[in-house]
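By written order: A, B, C, D, E and F. Residues from 1 in each chain.
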Amino acid sequence: MKFGIQINEGPYTHEASTTALNFVSAAIEAGHEIFRVFFYHDGVNNGTRYTTPPQDDRNIVNAWSELAEKHDIDLVVCVAAAQRRGIVDEGEQERNGKDGNNIAPGFRISGLGQLIEAGIQSDRLVVFGD
Amino acid sequence: MSDTKKFLFVNRKAPYGTIYAWESLEVILISAAFEQDVSLVFVDDGVFQIAKGQDTSDLGIKNFSPTYNALGDYDINKIYIEKESLEARGLTVDDLLKLTYEDEDDDWAEKDSIHVVSSAELVEIMDQQDVVLSF
Amino acid sequence: MPMLHTVNKSPFERGALESCVRLAIKGSSVLLIEDGIYGATKGTTASDMVENAMKDLDFYVLGSDLKARGVDEGRLIDGITVVDYSGFVKLAVDNDKVQAWL
Amino acid sequence: MPMLHTVNKSPFERGALESCVRLAIKGSSVLLIEDGIYGATKGTTASDMVENAMKDLDFYVLGSDLKARGVDEGRLIDGITVVDYSGFVKLAVDNDKVQAWL
Amino acid sequence: MSDTKKFLFVNRKAPYGTIYAWESLEVILISAAFEQDVSLVFVDDGVFQIAKGQDTSDLGIKNFSPTYNALGDYDINKIYIEKESLEARGLTVDDLLKLTYEDEDDDWAEKDSIHVVSSAELVEIMDQQDVVLSF
Amino acid sequence: MKFGIQINEGPYTHEASTTALNFVSAAIEAGHEIFRVFFYHDGVNNGTRYTTPPQDDRNIVNAWSELAEKHDIDLVVCVAAAQRRGIVDEGEQERNGKDGNNIAPGFRISGLGQLIEAGIQSDRLVVFGD
């Protein structure tokens, strides 16, 4: 079965991203496909490589990047939400005249249409948020 | 139309205190481009999102409530408000924006997009959907 | 010691106003801001709680947050005072401390 | 059409569980996750609401969120099923759609 | 001691669902270095923060509840729990961590840091503070 | 009178930062002093120069930077909260081996002790959050 996942809250601040990570891992283990993970609202904050969590805590950003690489998962950060919150890739850096970018490996920035498409193409859309 | 699904957007949060209402509206507008069967529900504090007379000039926050008026032009005209949520908040439909659309199947007559429904009716409406997005 | 309490949550969705009312000492002031302003309106499921609390507490509401949400002052519970940001500052000065009911 | 509802809010602080119970169609499943797991415990101000709702709805609770919060399974309302993440996935598969009560 | 103020930390949120509980504890620990008069209140869902038996191994989130045991060593031993909040949640003091300190004025006798108080008592305690931080 | 301000939520996501901005402006106008604004929890997200809000909306990060410059206000971002959320200045960049930084003008990263100090030194500490 094909799952679409929406994540609305930042890592650490809210459990939503952790719950989603565990759900996605379990879904893959059960043989399901993850069509896309879409990061919206503060969920876009999952996609910054600038985080440095305490050494005795989990690294959620890295966990997403590794999961994406291992299972070829499409991690999409909403562009409108990212602009408000300061998540920038190379394209956005150029477009908005920023002097750097902070997107983490395996994440890409794209439009809200990608969320609707995930709703259309997936058998189930599961939302994690506050 | 095998790719047409029934999308339901459930709005339960007040506007301005948090950004969910506004960012929900942005998703709803985008969804119009995908030719899906879209319905909106405003329940609990979500009913405050479509209160009339919003004026954010003192706050500096953008007043996004006029944007709801555009929904009819995007063929988004199934907007359900829970009666019990209105009553608990001392509101009636007269306190809400008047949202309308022009019905192309009825000589473009202007019709109300807003339907005030009971909890029991809303249960049935929500049951009919394929994809539920919550804000 | 007089204390200013701020409440920024809707009383229909969160317990902050109820907790504030339960734990604020008699004579305190309560300022409703942000989504908290809905607690100042009459004819709701929360009005009785606020009207009861007004026997012991002074209630204020931030006008710009009312206006943003389209809440006409005519819908406020009688006896709640509308203030602007300078009134908010004055309340913070006039009370010995401020507690935010987050 | 069977539907899975997820609730991740404490019933003592937020209205999400109450709204879910009010608006979920008979025969639906409700999975309590994150801070929502407190709604699965007995002897609380929310227990009656859940026990009543169990006449029409099937209740599940995520075990790892219970354990994280130190809630012993002996404190759960009778008839609520504990699941792990693979059980969560199975519930999402077995129902036609999932609604998150955020 | 003119710079000594009465600091009150009010904890009203459940742990793990959001980070407020943990980041509140980090502030409390830092406050110990400033030789202020510190009190903690756990009320509403905040009482869940000091529930005993927390085990986050399945989640991967750090279990920070053992850190509360260190508070006594930092001379933070005025910890007030609202009785009504416990009762509403079906809890008693036996469901909580046992937090203690050694009283240097009483031959280092081990004493309870936790005081279960009624709402009415808590009102008086909160009234006596100089600075209130809420989490 | 001397005010200390604590802000717990990110800009745009929550009204808290906007309310605090309006409160601080009114306090300055009334002749009061702002001892410090301390950004904690997601409040640290007020301090990134990578945001690009929509053109028809307010720019909260710039508003803080400008207010700080005009009235010499101390804007402090909590280091522990910033590390979890990916807010980085030059010092943090070096310490944590990051390839860039995103701190906005007028903000500085420092420890939680700065919040306690604000509580001690200010006549009133006012907290804005969720």
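Rule of thumb we're sticking to: a residue touches a chain if its C-beta (ideal position, glycine included) is under 8 Å from a C-beta of that chain, and two chains touch if they have at least 3 such contacts.
None of these values were measured; they are calculated from a predicted model.
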{"item": "Maximum centroid distance from chain D, chain identifier (CA atoms)", "value": "F"}
{"item": "CA centroid of chain B to CA centroid of chain E, Å", "value": "43"}
{"item": "Centre distance in Å when chain C and chain F are each reduced to the mean of their C-alpha atoms", "value": "26"}
{"item": "Approximate Å spacing (C-alpha centroids) for the pair chain C, chain E", "value": "27"}
{"item": "Junction residues of chain A, two or more chains touched", "value": "12-13, 15, 22, 41, 54, 80, 84, 125, 127, 129-130"}
{"item": "Chain D: positions in contact with at least two other chains", "value": "8, 12-13, 15, 34-35, 64, 84, 97-98, 100, 102"}
{"item": "Junction residues of chain E - those touching two or more other chains", "value": "12, 16-20, 44, 59, 61, 131-132, 134"}
{"item": "Interchain contacts (touch definition) - all pairs", "value": "A-B, A-D, A-E, A-F, B-C, B-D, B-F, C-D, C-E, C-F, D-E, E-F"}
{"item": "Contact set on chain A toward chain B in their complex", "value": "6, 40-41, 80-81, 84, 111-113, 115-117, 119-120, 125, 127, 129"}
{"item": "Residues of chain B defined as touching chain C within the complex", "value": "12-18, 44-45, 48, 51-59, 61, 63, 65, 88-90, 95"}
{"item": "For the chain E and chain A complex, residues of the former touching the latter", "value": "16-19, 59-62"}
{"item": "Touching residues (chain side chain D, partner chain E) in the complex", "value": "8-10, 12-13, 34-35, 38, 41-45, 47, 63-65, 67-72, 75, 84"}
{"item": "Interface residues, chain D side, partner chain C - complex", "value": "12-15"}
